[in-house]
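Shared between the two complexes below is subunit A, which pairs with subunit B and subunit C, respectively.
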Partner chain A sequence: MSRFLQAAAYGVVQGGLLGLVAVGFSLVWGVMNVVNFSHGALAVAGAYVAWILNVRFGLDPFLAIPVVAVALFAFGYVVQRGLINLVINAPIFLTLLLTFGLNLVILNGLQLLFKADDRTIDTSYASQSFAIGAVNVPYGRLAACFLALGITVALALLMSRTRLGHAIGATGMDRGAARLMGIRARHIYAVTFGIAAALAGVAGTMIATVGSFNPTTTPGQLTLDAFVISVLGGLGNMYGALVGGLVLGIAESLGGLLLTGTWVNAIAMAVLIITLIIRPSGLIGKALYGGRVEV
Partner chain B sequence: MAEILRGRARSRQGLFREWIRTRTPANSWPALVGLAVFVAMLGLQQLIEPGTQRLLTSVFLFVALAQAWNIIGGYTGYASFGQVAFFGLGAYTVAVLMNSYHVSFWAALPVAVVVGVVFAVAIGVPLLRLRGHYFAIATLGAAEGAREVINNLTSVTGGGGGITIPTFGTDAPTPYFGKPGFYLAFLVLAAVSVALATVLARSRFGYSMVAVHEDEDAAGAIGINTTVVKVVAFGVSAAIVACAGAFYAFQQIEFYPTDVFDASFTVLMVIMVVIGGSGSVGGPLVGAVGLQLLSQFLRVNLGSFNQLIFGAIIVLVVVFFPQGVVIYVRDAWRTRHFSVLDNVRRYRL
Partner chain C sequence: MSLLEVRNLDAGYGRIQVLWDVSIAVEPNQIVALVGANGAGKTTLLRALTGMIRIRSGSITFQDHEIAGSSIESIVELGIAHVPEGRRLFMGLTVRENLLLGGWRKNNRDLTRVIELFPALGERLNQTASTMSGGEQQMCAIGRGLMSMPNLLLIDELSLGLAPKTVDEIVARLPEIAASGTAVLLVEQDIDTALSISERAYVVETGRVTKSGISAELLADPTIQESYLGLASG
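So, the complex of A and B:
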């Protein structure tokens, strides 16, 4: 029984983190109809920024988060404004292809700069944990999970309470009408992508703190997880991404306990496909941009 | 199938006479050029060294794969990101049959194609109801799932430990083709897939696919059974890919699930078609030949920078020729309007 509780607790803290990875991905997909293949690469880029700050200046990863967020926001803004906006009206697989090319450039750039080694950001608290009954909860993972929760709530508030959030939502629902209302769609799209990139960078920093990362396998895994979570949660739905992350995190850790080999991956894919067929708008509520016709 | 291709029933003889009667230079040049290229490639084989022969063999493989993706992704407009599932299933069918049951390759090949088509129909019927990104993600998931199933059925497939096809000695059900043999095999495969795509594109069924691509609801309204069109297009595409996978398995002799279910096969198919020009026969051909030669050139000359440059080239081509190189050249030639900058404005926000 305690093994189950331990696995479930691990699944919850891991799921929160995965949710943070997926929030930005889901936002970009929901608002701009762009599936960002380079999302995992952006997360790893953020992890490297925090890693350098930690190794060179001894900065704590949690304190490095603002720097990472600003750097990645700037990068994301420029990429969207200068590249993705150029093909935003093209058929879907063109944007997929563009972000795939971008993914190759970022990953191989990182690999040339930092080698393909596994890296981790060392902190004094990441390996320590406290016990609730028989369940061990590591401090680092718990803090990362709470941070993910906080950021998701903050983003949801931004989307629902501020002018910027309303502009992003409006552009996502009907770009033509939004532009007639005086919203600068190019700028709004760039800001949206910048926010997504910043969130990816923060998530990458957290992953580097509680685990390890490398430029070859981590990005692909993160992008795939973000795919599954976004679909589970419904596109552009912040809380949906969080719930999707928790579902995936718990399913993976419990599945790892119950199933042998890599069957758990097959189960995750089955869940994804069944969700798509039965409930394409996601598990909770209705999708924010569900009314839009996809072309 | 024949019914769909032909449109309405006619006697075979009458059809052939009409086909002969309607031949003109304008409509027979693709066949003649194709034949000439095929013969030229056969002649070229005698001249080139083994390294170049291997490179061209991989070019032929990708021509076939790109043509196959173009049928479902280009003509029908359903961007499948799971085509590699059929490749892997074809490869594993052949390998398991040859390894465990000592079936000859030529008997295993049709079985592989059937397995690919059956899987395509099985996942196609539910998944082809999804549109846009949803279909892309669902097929991606289906391919990942297929890989994991093969990976975990250790008793049948050997699982993650890989599988080996017996190719030498008395144990071998079919003697190994060798480099010249595979050059020929993949050349024929590429030629057949190009020919199939050409015929399909000009048939009634081809126009149905384009109609589904342009506006699925309108296509349904004028009496096209869109479900049948989509599933058949998916099945034809899967058949070519599974066939390519079968030949690839025999060529590789030994492989792992991660090799033949590698998602980069799918991504390469998509890139080649889109960069060449989707929804045309020439596009995938140009894309596959150009990109495969380019990536080999970069690998030889740029060392560790090759992937970086490859990615940058993809980004630039997507931005400058979003409709594909072949279609850009065709339209530019027709309209005498060659400005690349106007082309960039095409899909800009």
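So, the complex of A and C:
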């Protein structure tokens, strides 16, 4: 029983983080109809930025977050503006191919720069924990989870309450009509991708703090998780990503009790398939951007 | 000097040419109607005016600016608003959010003009656009267009899917809009409505302007009704 509770607690804090990994992926998919294969790579790139800042300057990863966010936002903005916008009207197959290529470029670049070794950002508090009954909760994981929840809620509020959020939503719903409002769709797309990259980078930083990462297996795993969670939560649905993240986090954690080694990776696929069979529109309502209209 | 002057415009979609040698003009504070059967090219002409499709040849001057080839955004900025066919409101957003997005380019957040024009919208500012009646949606779409404080408002198929009484209510506001400095170029299938509210009109048939003149005179011209209705019912 206590093993079960421990795994459940771990699943919740991990799930919050996974929600943050997925929320940007879901946003980009929902608004631009781009399935971004390089999302996990962006998360890992963010982890390296924080890792470097920590190794070189001793900067705490939580304090490195603003730097990571700004760096990844800028990178994401430029990638969308200069690259993905060029094929944004092309069939989804082409954008898939492009982000797949982008993924390879980023990963090879990271491997050249940092080698393929497993890395982790060491902090004094990561190994410390407190106990609730028989359940141990590490401070670092709990803080990362709360931060992830906070950022996801902030993004949801940005989308629902602010002018920029409405412009992003409007461009996602009907780009032609949005442009008729004078909204520069290409800029809005770039901002959207920048936000997604920034959030991925922050999530990567947190993952690097509470666990470890490398440029070979981590990106693919994160992209797959983001994909599954986005389908679970509904495209472009921020709170859906949060719930989807928790579901996947708990499923993987509990599954880890029963399954060994690489079988745990199959859990994400199983969750995806079950979702598609039972509720193709996702767990929470329907996707925000059902009726897409082009110019 | 006309507010809008289109000369010898050719335009279409990809290789398909739809508009042939189209010339029209709109004067400040005027209501001008564009009538013609389904498929004549009225929507295509409005799309060409706001840069939504590429122009092959010809010129479009708006307030002394040549706008043929300009981007949608810069044309909106110059002062043309386009209420598109089917209205295309942002359905998941509220009336207020839709209106504010209309004012995006000019950063206009003042809803008073729109609410004075359509008091029904004022009572529904927090209602989701998709839950409103067709007439209210059309008011919202026109209001959204006005939020960019345009000198020219293009309205595509104002009456689409609306009850005649609702159409009359909305059309009755057009003279006020025009008098307050926003000329209106109105695309309408309902030829009687269009010709009774406008000062001048153009008849479009298979991509060409075949007739133009004072609306009241066109309304009295039996051949117009015939050719137009003949096409429309065929």
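By definition in this document, the second predicted complex is superposed on the first by the 278 of 295 C-alpha atoms of A that agree within 3 Å, B and C clash if a C-alpha of one lies under 4 Å from a C-alpha of the other, contacts with A are read in each partner's own complex, and residues count from 1 in each chain.
Here, a residue touches a chain if its C-beta (ideal position, glycine included) is under 8 Å from a C-beta of that chain, and two chains touch if they have at least 3 such contacts.
Because the structure is predicted, anything quoted here is derived from the model rather than measured.
Peer 1: In the superposed arrangement, does A:Ile52 touch subunit B (first), subunit C (second), both or neither?
Peer 2: A:Ile52 sits against neither subunit B nor subunit C.
Peer 1: Figure out whether A:Met173 sits in contact with subunit B (first) or subunit C (second), or with both, or with neither.
Peer 2: Touch status of A:Met173: second partner only.
Peer 1: Tell me which partner A:Val135 touches in the superposition: subunit B (first), subunit C (second), both or neither.
Peer 2: Touch status of A:Val135: no partner.
Peer 1: Go through the superposed model and pick first if A:Leu112 touches only subunit B, second if only subunit C, both, or neither.
Peer 2: first
Peer 1: Is A:Val67 contacted by the first partner subunit B, the second partner subunit C, both or neither?
Peer 2: Once the two structures are laid over each other on A, A:Val67 reaches no partner at all.
Peer 1: Output check: A:Arg163 vs subunit B and subunit C. Expected answer is one of first, second, both, neither. What do you get?
Peer 2: In the superposed model, A:Arg163 contacts subunit C only, not subunit B.
Peer 1: Of the two partners subunit B and subunit C, which one touches more residues belonging to subunit A?
Peer 2: When the residues of subunit A touched by each partner are counted, B comes out ahead.
Peer 1: Between subunit B and subunit C, whom does A:Arg184 touch in the aligned arrangement: first, second, both, or neither?
Peer 2: second
Peer 1: Would you mind listing the overlap between the subunit B footprint and the subunit C footprint on subunit A?
Peer 2: Overlap of subunit B and subunit C footprints on subunit A: residues 295.
Peer 1: In the complex of these two chains, what residues of subunit C are touching subunit A?
Peer 2: Residue list for subunit C touching subunit A: 50, 52, 72-73, 76-77, 81-82, 84, 88-93, 97, 100-102, 104-106, 144, 148.
Peer 1: Per the contact definition, I'd like the list of subunit A residues that touch subunit B in the complex.
Peer 2: On the subunit A side, the touching residues are 29, 33, 35, 83, 85-94, 96-98, 100-105, 107-109, 112, 185-186, 189, 224, 227-228, 231, 260-263, 265-266, 269-270, 272-273, 276-277, 280, 294-295.
Peer 1: Give every residue of subunit B touching subunit A within the complex, in rising order.
Peer 2: Residues in contact with subunit A: 73, 77, 79, 126-127, 129-134, 136-138, 140-142, 144-145, 148-149, 151-152, 154, 159-160, 267, 270-271, 274-275, 278, 304-305, 307-308, 310-315, 318-319, 322, 344, 346-349.
Peer 1: Across the complex, what residues on subunit A touch subunit C?
Peer 2: So the residues of subunit A touching subunit C come out as 163, 166-167, 169-170, 173-174, 176-184, 288, 291, 293, 295.
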